[in-house]
Amino acid sequence: MGPSHPAMHGTIRIMLELDGERILNSEVEVGYLHRGFEKTCEHRTYFNLLPYTDRMNYVSPLINNLGYVMTLEKMLNIEVPEKAQYIRVIMSELSRISDHLTCLAAMAMECGAFTVFLYKMKAREFIWDVIEQTTGARMTTSYIRIGGVRADLHPDYEDVLKKAIGETKKVLKDVHGLLDKNKIFLNRTRNIAVVPPEMAINYGWTGPCLRSTGVYYDVRKAHPYLVYDQLDWEVPLGDRGDNYDRYMVRMKEMEQSMRIVEQAMQKIIKTLRPSPTMAKWLEPAEAIRISRIQKTDKKIRLSPNLEGSEKDAYPDILAKDRRYIVPPKEDTYTSIEGIINHFKFFMKEHGIRPPKGDVYFSVEGGNGELGFYIISDGTDRPYRLHVRAPCFHVVAALEEMIKGHYVADVIPTFGSMNMIGGELDR
Amino acid sequence: MEGNFFTTKFNSILGWARKFSLFHYPYVTACCGMEYMSAACAHFDIDRFGAGWTRFSPRQSDMLLVVGTITQKLAPVLRTVYEQMTEPKWVVAFGTCAVSGGIYNNYAVVQGIDEIIPVDIYVPGCPPRPETVLDALVKLQEKIQKQEQEWRWKRRK
Amino acid sequence: MEEKKVKILEELKKTFPDKIKEASAPFGDETIVIDRDFLVILVDFLRKKPHSYTMLLDLTCIDYMDRKPRFEIVFHLFSLSNNHRLRLKVPLPDEDPWIDSLTFIWKNANWLEREVFDMFGVEFRGHPDLRRIFMYDGFIGYPLRKDYPLRKRQPRIRLRK
């Protein structure tokens, strides 16, 4: 089953030894999307390699961003403001929902349920609308920065978010009705590729695949980061560890994610101060002209999207430490300290220089524990950056999982594992 | 007989027929695959341009849509798939990684698929928005309309 | 959690006083540096109760160009019952970089060790099937070593331009 095959997951090659239709032995060949991420990281500064982290697990790009940034924050000991933490939680849960939607859509399409694929893509578009409104890009956003997030939530985000959640709930209800008790789907997925919990732990599985075998391990509950310990949600578990359980665990996780997003949204509305609005402020060119003569403290009107009211929003969204964040544009263009700050941040040999040492931090990605291991030697480039890719360990078990099954069982098994090529091969 | 009313009319009818019934073969590798899925589904539909049905076999398709990064390990496979396709065929390089290697300039990535196969349309973007993809499809359709059929009696001369 | 952290390092220092070369906790992660002959014994000890480090999270390698020993293999172990992570480091010399394979304990070590072999050239003794996993056959060299240039391409088929 060659590297270019209709199952739209990623490029992987499975060589099967068959006896009629049953599989005797198999060999999985990966590496068709090895893009040299780890080697590239040694030649880029810490700030420059944010876009590379987006493109690893490309169905949930904000979570990869988050993992990398939180590892650096652990090393640099930066404290992130509370509103930025809530925004990060909302963004990463939305990414998780879109990850599960894509995985199950592809799995259902390969089993023949094309309608499910179209419904879930429709829901995913609404979620991407929410992400695009705040971050500016649908997929590869580089939104989560060291010290916080890049920009504040859009003033109208509530309506779009409510619509997205409403549409997703409708779609999930439809899909539950279509697939849950569907005889064909059950025949194809129940009791196929059963994985006992000891085998799953031995293989180093984490995430929804491990939870479908019954083991309770979620990084968000075990080593809580951001504000997950202040929100009220549950971790769904499966019992048998077959394909159907992996499907059910993902569906339930999506509902829990939506619960988290709603709570976070309520928290932001109730307790944290709202985003400031722009009134009669100075035009940028005029502000620069005035600042050449004397220092000005008046507010400057910037374009009303990402770069809107930068300095005002900064205490909410970015940490105070000047060494690790990009200074606001008002400062850069109108004062000498700002421009020196900007210069020192971006020039080679300056910029973010963490202390010597190594650090490991993990977040709960769409597939499991996404860990980043950074070794720094005091310069502005990482000496070595290693990513603990969750689906690497899951796919390592594929050879053993499909032994003794039919060729047609490979497709739903492979689909339920959610192999993402960018994460597997880095 | 060359270039008279009948051949130009025939060319235009052939172009019209070909451009509105494109069967594409999506050679999906990486992140651009997500935008391809978006472009093919309900919100931004490529079915309305006639290119709806995805043929899952290179022998039955006439447009090769190379989506995502092509690595050195995958290059011979792409060449094989291209050679398996029958004439007439068109190639669309979807996404910056397929156009020129993208942000990856290292030991493992092919710097643009035109190092391996000839390309007709280049779609930049990382990943390209679905509207860009639809625009590229329309441009490809214009190109197909203007293409002349290679008559055998022309080549003999 | 604080008592558990200090406990494991001290307990290991007490049980194996001369084998643990270094034990520290930078940024809150416990780290132990040991020799390669001691690896299997220590891993076996850690896997049993009460420590029960049953999951191998990660296995990777670091190439220090300017110090001897050149390579260092890093293991991240995780204990589900105690909810605790531990890092093991094993330095390897440049002249004969070999280490014992852990495939008989953890099955995911199979692919992880193949990846380290592919990228760095470290040999894992006892591995059932040690070959390249990411790069293709015919690729010469080990890409993630510091002396392999970033842009050195080895094309597999003849390129057109």
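So that you can tell them apart, the chains are marked A, B and C in the order they are listed, and the count of residues begins at 1 in each.
Here is the rule we go by: contacts are C-beta pairs under 8 Å (C-beta built on N, C-alpha and C of every residue); 3 or more make two chains touch, one makes a residue touch a chain.
All values reported here derive from a predicted model rather than from experimental measurement.
The pair with more inter-chain C-beta contacts, choosing from B-C and A-C, is A-C.
Each chain gets a centre from the mean of its Cα atoms; the one farthest from the centre of chain A is B.
Each chain gets one centre point, the mean of its Cα atoms, and the points for chain A and chain B are 31 Å apart.
Our note on geometry: chain B versus chain C, Cα centroid distance of 45 Å, whole angstroms. Distance between chain centres (mean CA atoms), chain A to chain C: 27 Å.
Of all residues in chain B, those touching 2 or more other chains are 73, 106-108, listed in ascending order. Among all residues of chain C, those that touch two or more other chains are 135-136, 143, 148, 150.
With touch defined as above, residues shared between interfaces to two or more other chains in chain A number as follows: 31, 34, 36, 39-40.
Put simply, chain A touches chain B in their complex at residues 2-4, 6, 8, 10-11, 31-36, 39-40, 51-52, 55, 58-59, 102, 117-118, 121-122, 124-125, 128, 138-140, 421-422.
Of all the residues in chain A, the ones that touch chain C in their complex are 30-31, 34, 36, 38-40, 43, 74-75, 199, 201-204, 215, 217, 222-223, 357-360, 369, 371, 373, 375, 383-384, 386, 388, 392-393, 396-397, 400, 425.
On chain B, the positions that touch chain A within their shared complex are 26-31, 33-35, 37-38, 41-43, 54, 56, 68-69, 71, 73-74, 77-78, 81, 103-104, 106-109, 126-127, 129. For chain C in complex with chain B, the touching residues are 135-136, 143, 148-157, 159-161. Contacts from chain B toward chain C in the complex involve residues 72-73, 75-76, 79, 105-108, 110, 114-116.
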